[in-house]
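We call the chains A, B, C, D, E and F, going by the order they appear; numbering starts again at 1 in every chain.
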């Protein structure tokens, strides 16, 4: 098929280069929807606590596909494409809810919570006329089902038969932080999302790139919340697809290299910059390991976040070649006391579209999208710490995380 | 049924406070904005979906004038974003009740965002849920909760809504 | 030239009625909305193009409170559509005349529509042509004609404008 | 030409299947604009009563082409592409009006009401310099003309030389209802339109599909306005392209099968649902045949409607692959009395974008558009009453109308 | 800090002038629009970017009622453009000062544009900087400066903003 | 490469025809961005007076490429693609400003004002770990630079090595008016822009087409500000790419041919049309040659304007195949007195998006864009004064200017 021919020519330099055409070409986008989003990867579908009862469901978008995650009558998790088998109507359109069955509004074909077609109005016709033909088999017209795995209260799904088990997909090294964050039962504190006027990959590169964190987010750098001079590392999953970046704020040493350095955070605007009310950054060491920031990615679109005591999942939904939506779920733990909840809510000022430490992330993608449009044949250059995709202990001056993203991308895209 | 307005309806000083609030932001006088609140105070940007589901997370929450000023100073000096402006429309102000010099009001707002390249867009609509105190003819917000109708934000929020 | 406003301009009770109308719809208190009209009454959604050409068709026309309530009950229980909300802005209220406790007003409105997926759009703009009766301090619409500027509707109208 | 290669592979099952790629592929859309909209089909252009006098005109869009319908000086109907022969400027841009000639604003080339170019400013130049060359022949630069036919006060046009006469195109069987509705002179009561965020074919399938009517539009079903248990039929035109669906409300028998059935209209929300003011559904039998609903389609974009006493035309305009606009003309008859007009206006609550019986039609297309985007290689399944395209007497439990649409579509598209 | 409003706030006649201004334009009574200004007067459409950079160019500038009328007559008879209408929303009116029967006000505006094909768009937002004179209960604009937030205009401006 | 195959078939008639497909085809648009906008042409970048000091910069868009024009420390003009060499982030996003260096917000790579990469944060890593590899050469990662020429205070840039010197590109004949307008130092009176819902070429054809001026802009014709019966000419540059159209208002002779002619300006609407306040058209002969209108184009996107005493530059930015933005810079001269400035400002009513003489120009493009979409295989017809591309003395009844545009276009596009 035409689509098997390389869509673009990848430049010399392998994963240290990303050709700009990848961020605006519609043919590349269509191929990604098939080769990556329908490929052997795991997608975030939701949280166990969002579906406490049989019949509870939530909707989510995987690439361009609407999906429903629900609990069947027996309490088992099921995920289906949210599309009637008759003519393709979306079955559900409230984001969350409770149902006994899935009934399509258009002609009321009805499915049970395992996705099996159960009834069709006038299947026998009227007065013996019309109706469904004898050859028609209900069991051949059920909903398209995703394979589901739930791990630590987070539910993932995949369209592909060969996707390895979730824990193996994440890999033993990165499962450690995954378990660290998911050890307690979650409590949902809220939701919001950001529309980003940039290709989805630009955001996921950003999330996989600790190099920018202490530079772009000068607010946090200046307040000594996150610096390269703290203990920290970039850890890569065994196959190199996913990354974890963490740091220990208390351990800052040699931060003076930031003073008057050729960074924005060293510039005059920052002289004497400090908070009038520092309660917004009050935090406690809830994991007992002093780690104050831990950002973990699961290729291609999931981020698990700890920033101080803000816990959140981020799920990325492509919106055509030039846009994407980032959906945040703000979390606490079910056993939080009132004080802990209050502190998490106040630290909420640090994250999301209005977050002191994150609002720039939404902006840079747009600057790149417009910056590279005119030169689709040029490419970005990601050689910090060379060209390897590997864990780098006690330094985050590396682009290994981003190279890891491109390693997975090239493999699945056949580029 | 909500209580009747006092004779003469919503006090002029409160309507004036609403206009002053909008112009501090729209005309880039952000430094004057915290002064429109009492200290302590409550300023929150929430979403209607979270509010209606009883979920407490906010996009922004400040409980002191100092926190309001930190938002201003950070926007001016620390955070970086493409420069833009808002334009506020406020309508359908409704007085919910008034007691002991504190007025509770509900209004509709609409904010457009204008980028430096000249593009303009509908950025936010929603409701203001306010508690205003009137003392000596001067009105201040003891509480302003901005309830966005939309859970999706176009890119970022760097300025107060 | 239209007549002058009465001293004090548009009665507070009428401004309050306008706000209450908007909030009944925007805050999903549809069941309170028919009570803002007299019975019988006239509620119509028309388009400016039809009005200016003398064509009588409406998008919605109700001449009794019961018909208004049927719109509400049908939206709640019978008709099916993707859930959404409106946000009303009303401006430039002008009193055309006032006689025997009936006030005729003309105002501009703008309504945004917000879907559950967070998308927000400019849904309708136009004018309200109102006849309001004031009795015992309470104001009610004897007539509200919504004249949409646009002959094209984005998909459907399930809630009153 | 490349475009003659099949744009997509049609799945097994012929017209019982419609591949989802048809609803979003830009290449398919471009081919439709040529092969169908410029093909041997008739397009609605307007009504005789809209053009009472010589010089009266109205504008309309046929696919992506702006068209003007007018009466020339002799009172004859003419239709032209609304585009100047010089550089392509639209000549008229007020929806309705009266003109003595067609003068382009850009350089004032002037055409008569038969579309012939009559004058060009400075055709002889200035001081003998410039102007049009000797070889230039005005008669070669007239407006592009459509062939026009007027039938029962409704005017149609076609771009194609081989389109059969209109009555033959509609076919004898369906001409019966066409004559029934058009027997009296129309009166225009108003206009409005709906923007639909879905491919044009999804709306036309809907209009050709009586199967959905008593199910999706539960309001009418619950109020016993339209049920399959009433007398009714789906009638197909001889070549199978167009359909008519009708029913007799008074004849309802066995409606109890709707009670508590596995339809939405049988669900709890409907217990005790009835109107507080039933004047909105007061009607009279104006055709003397007891038929209370008659929906007739003319491929590819026209609907002629009787719902109770609401008479309307609907004209569908594609807006790219993912959108369309449905333009309604609300009608009465010239000899209506005040009471009849009042009743039609009140019944107006039943139709259009805010219509109790029609507002769902605008919604389902959008649910399908988004539902199928991610699976362009899958297809809808339309086998109710088998795979035939044929009239089915006294039953509407059939998708024959929709299969008829796809029969015409495949034939013209060469798919 | 701006001066306090006079008791009773912004005079009714001025609010009425604002509404009349909007309706003259929105309801296609353009011929009535020049009469809302004194003669001589100043009517300008500027952009915020030019204003803030001290650049004097305008999109439209009229300093007499006759020039205002020339704009109306030209739009009616000489200039050609696709027919369209505006809808004005005006909000957050703020009285800056009042002296010798002249009132200076600052307000926010939003204008939507509706084409004859039914499409509707957010056309302009910005501020009105006004000087209004009150004489014998009648209010007129001595000066109205329209400061568009956006330097980019969607196609053209044929009607006053 | 595929793109070297002709994108479209050009019809018979050479530059007297422009196929309508050129105004909406995305593949044509992409090819234009490369073959024309990156080709041997000069693009307007700004004005010397906009950059008085070292470190002053302004941003501008050339096709789809963001560009920064600045003065380096030595006061020399430099132009770069406004894009970081690391990952493509736009470096500057305030339209005008002053900088000492160019620092990217994302990772703070820093460039000097000659575009050379000067510093990279953590280039040496942290604690000897990470950082840039030994092979990395800063000098290979500077900004993409444009060649710049400044002529008469107007600065142009080109991406192409073979673009001839600017004065030679404009050509001796048209340099005369260029020098006439640029003889005095400019003063910027303001900026604004128009979004045009039409392909960029439709606007540039309009600017190259004096034929429309006295017809479309009936306001000016009626007030006898610009008529073909005045002295005037269309002058073409030697290679035929650029045009100049000028006229002398005072010289009107035989204007009666406009009375009652078959032009819009001759129609009833105009009887007794005159200004109530004529101060808006008060002007003075500032160049001493009586020329009251002089419109000069520089292919592909620049217009230099004198209309009475309004001096302006116009710069055209394509926005996809179906849109464009026209950016106006309103000018006076540094030595203007208060009276002259006041007169220029009042005459500002004549130009721009609200200009009595120009507001129609924004409209016709949209009428063409929608008028031709449905017939991409048809073409416009531009034969006034034949098919030549040549100066025509003392007459403007010619489309030579537009044919000149298409001559340049076809040559560069290889069509």
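What we mean here is this: a residue touches a chain if its C-beta (ideal position, glycine included) is under 8 Å from a C-beta of that chain, and two chains touch if they have at least 3 such contacts.
Being a predicted model, the structure only gives us computed values, none of them experimental.
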Requested in this report: Mind checking chain B against chain C and telling me if their interface is mostly the same residue numbers on each side, over half, or mostly different?
Outcome: different
**Report entry** Contact-richer chain pair [B-E vs A-D]
**Finding:** A-D
**Report entry** Distance between chain centroids, defined by C-alpha means - chain E, chain F (Å)
**Finding:** 31
Query - Gap in Å, rounded to a whole number, between the CA centres of chain F and chain A - result: 44
Requested in this report: Determine the centre-to-centre distance between chain C and chain F, using the mean Cα coordinates as centres, and give it in whole Å.
Outcome: 48
Query raised in the report: What residues in chain B touch two or more of the other chains?
Result: 49, 80, 82, 89, 91, 110, 116-118, 122, 151-152
Report task. Return the residues of chain A touching two or more other chains; collapse runs of consecutive numbers into ranges. Result -> 93, 95, 105, 193, 216, 264, 360, 363, 367
Query raised in the report: Tell me, which pairs of chains are in touch?
Result: A-B, A-C, A-D, A-F, B-C, B-E, B-F, C-D, C-E, D-E, D-F, E-F
Query raised in the report: For the complex, which residues does chain B have touching chain F?
Result: 80, 82-83, 116-118
**Report entry** Contact footprint of chain C on chain E as seen in their complex
**Finding:** 12-13, 15-16, 18-20, 22-23, 26-27, 85, 87-91, 110, 112, 114, 116-122, 137
Query - Complex contacts: residues of chain B adjacent to chain C - result: 2, 4-5, 7-9, 48-49, 89, 91-94, 106-108, 110, 122, 124-127, 149-152
Report summary line: In the complex, the residues of chain E that touch chain F are 45, 47, 49-50, 55-64, 66-67, 69-70, 73-74, 77-82, 151-158
Report summary line: Within the complex, chain C is touched by chain A residues 93-95, 105, 193
